[in-house]
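Consider the two complexes below, in which subunit A is the common component and subunit B and subunit C are the respective partners.
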Partner chain A sequence: MRRAQLQTLEPVIIIVFLGILFAIGLIFFVRLGGSDVTIVNEREALATLSAVTTLPELSCASSVSSDTYCLDLYKARSFAEMNRDDPLYYFPLLGAAEITLSYVDLRTGLQQDIVLYDTVNPNSTVIGSSTFFTVHDSVREERHFAMLTIRRERT
Partner chain B sequence: MRRGQLESPFQWVFVILAGGAFLVFFFILLRGCTQQGEERIQGLSLQAASMRLQSAAWNPDSTTRLSIPESTASCPAGILTLHTDDSQVSLERTPAFLPPLLTGGISAFTRRVSLGSEIPIGNVLYGLDDGTYYLVVVDSRGGYPLLENLEHENIIRVRLDDLDDPDLLAEEVPGGAKTVIIVTDENPGYIRNAAVGGMPEDVLVLGVAVTDSVNFYRRSGAEMEAVSRLPLEHELLGLGAVISGEPMLYRCARGAFELRALRLAALYKDRAEDLSADISSASCAVTYERAVELLGTDDLGQLFDKGEQLASFQNSLLQRSCPVIA
Partner chain C sequence: MRRGQMEMVGLVFIVVLLIIGAVLWIRLSAIDTGGGQRAQDLQGATSFLVALKETTLPMCGTSFERVAASCAAGGTLCGDPCYEAQTAMREIAQTALGDRGVRYNLSIEQTGLTVINGCDSANLSVDIAAAPRAPLVLPSGAQRNIVLSIC
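Let's look at the complex of A and B:
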């Protein structure tokens, strides 16, 4: 193109360039704003996980394991039973959630599920997350591979 | 260069500067919105503050700093409640020891409570409010270490002799104080005889003496009059009484702690019963059965009384390679 033609197109090029910059800025703004809900949900899931792992009601004795991701099987069973009788006691800590401990019994090869806590409204939308854990059987001195699933009501 | 030749590069410089300014503007806007959002969530809402307090109360041995609207703490029907002029929130089942007047900022310290330092039975939270000051009476034997170990600027040591002089005592009270709590872990008489006539009239003056019981006092004119005397089960609860300053708020938080402690004791009892049934070792089973007897209580005082014994069972089980109680 000739220089004169380029010069006539310059204002157009400038506007296009500014428009691209504007679009980049808008994309950043929208992406970060739109991910707030996801970030809140992830934070809540992490907070719940952190709370569960530090509860003396569930954690392995320090003499057994200093590992944070270790739950005591006998405590878990008692905890689940207590929560069936009084499900709202831990609500300020755990919120509206269903927390299930699933492990594979090495002797039988069968999966066992323990619903530790359940205050989810059946009609609500839930989002879930799972984390690998160790479940310690104090009597048999066995550790089972386990998964802790937390299903939270979507905020 | 001719003018026409200069125009083209200047235009592009303009474009780059303008574009850069746009981007900077958007980043500043974004940051401002994010900060506003965070302030809305974390800052001044009573509901948000109460949720943070509740969350902090579950974390053992933690320190949290939070903002809270000016409010009062009370305990209607045994439930810890925070009130402002137009709203209230309850911190049900939260073992938080708070003073009666909250003025805008709280430093919250959580401590784990254990039986014999081996068996955890819950946490207690101490909320030191910015407008509440603690005058710790220091005599020849020292002050009140449990409170002073919290290391907060609102904890002020006063000499025993200063309590007799209303002017000296009043001088210790910082400006802006809403509540002053005079504290001792020695002689309740120190507080009963404190000369508080010189204290500003608009300052709430309370007193707590922690000995083998907890004694509460409140200013009445120029004197401190006894309000209540309550039993003391554990030194960490005694510290909670000092932080609260009032018997009703102390009972409220203590009640919430008792609920959790007894719940944990019931869980440990359940566990011990199951272990006793499933374990093959007879000597381990005997220890579990003895622990079950001790854990089968619905009284916090009795639980603490048996704490050392339970802790010794825990150690004994550990030494014999038996599964522990907690």
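Let's look at the complex of A and C:
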């Protein structure tokens, strides 16, 4: 190529190169920005899960050993009843959420649900997360397979 | 403006349009969440297995872990431990996973105990070799794994 032709192409090459760099930067910016809200919502759900499973009002007695989270069944029933009477008592800790304890009663083969806490606006959009653990029946000295589901209002 | 300068402005304009088009295409197209979904499946499967092991089988008065270990060792705990373990696996997996639309493959190695719900080896979200597993320690000290794969 002649020198003059190269000189003519030089600004074109620079513009294209800068354009590619700019596009790469925008791509990274867009990808990171789009996932922020989802990550925040998931972290809030996990934080709520952690708060609930470590509440003394719900957790198993210290004499009950467990490799996973352990909630006491009768404490959970009392907790649910208390929150029905005063739903805003735990609002500063748990926020706007619906927390449901579901456990499998192998005697009947049926699933039992206990709504522990519910302050979600029925018209709002919610996202959920859940985890598996055991719920301890201290009367029968049995552990039921259980799941805790947390549904939070989408921010 | 000279003709060459006008052409340069036009070229810059085209490049900017291409960049905007590329960004919009990337932003609007589905972002691959396969990796995130697989991580979530793994975390759920792991907690499922730990909880399953600790669950009490009311007909046996002891944990699933002990009953399954007896089955794997050819024992006679609770009469027919293999039947009790299989029944518990089926009921728990169906209630906790199947009724929520999750397809799964739950099994205990070298025992023949398997519960499958629409999850064949071709559709696993994680390979069987990499699926979450919880150890089952037999009375002899040997170990079998409880494996849960989510499709």
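Here are some notes:
Just so we're on the same page, the second predicted complex is superposed on the first by the 138 of 155 C-alpha atoms of A that agree within 3 Å, B and C clash if a C-alpha of one lies under 4 Å from a C-alpha of the other, contacts with A are read in each partner's own complex, and residues count from 1 in each chain.
Following the convention adopted for this analysis, a residue touches a chain if its C-beta (ideal position, glycine included) is under 8 Å from a C-beta of that chain, and two chains touch if they have at least 3 such contacts.
This is a predicted model, so every value here is computed, not measured.
Once both complexes are superposed on subunit A, the partners subunit B and subunit C fit side by side without clashing. With both structures placed on the common chain, the touch criterion links A:Leu106 to subunit C but leaves subunit B unconnected. Legend: residue contacts after superposition of the two complexes on their common chain; A:Phe22 is shown touching both subunit B and subunit C. Contacts of A:Phe132 after superposition: subunit C is touched, whereas subunit B is not reached. Residue contacts after overlaying the shared chain place A:Val12 against subunit C, while subunit B stays out of touching range.
By the touch criterion stated above, A:Ser124 is placed in contact with neither subunit B nor subunit C.
Once the two complexes are laid on top of each other via chain A, the angle at subunit A between subunit B and subunit C, using C-alpha centres, comes to 140°, given in steps of 10. Once the two complexes are overlaid on the shared chain, A:Ala51 sits against subunit B while remaining clear of subunit C. In the superposed model, A:Pro92 lies in contact with subunit B only, and not with subunit C. With the two structures overlaid on their shared chain A, subunit B and subunit C come no closer than 15 Å at the level of C-alpha atoms.
The contact surfaces that subunit B and subunit C form on subunit A in the two complexes overlap at residues 22, 26.
Taken in their complex, subunit C has these residues touching subunit A: 8, 11-12, 15-16, 18-19, 22-23, 26-27, 31, 44, 47-48, 50-59, 63, 88, 91-92, 95-96, 99.
Listed in rising order, the residues of subunit A touching subunit B in the complex are 7, 10, 14, 17-18, 21-22, 24-26, 28-29, 32-33, 36, 47, 51, 54, 56-57, 61, 63-64, 72, 74-75, 77-79, 81-82, 89, 92-93, 138-139. Contact residues of subunit A toward subunit C in the complex are 11-12, 15-16, 19, 22-23, 26-27, 30-31, 34-35, 66-68, 104, 106-107, 109, 111, 130-134, 140-147.
Residue ranges of subunit B in contact with subunit A, taken from their complex: 8, 11, 14-15, 18-19, 22-23, 25-27, 29-30, 33-34, 37, 54-55, 58-60, 92-94, 120, 263-264, 266-267, 270-271, 274-275, 278-279, 318, 323-324, 326.
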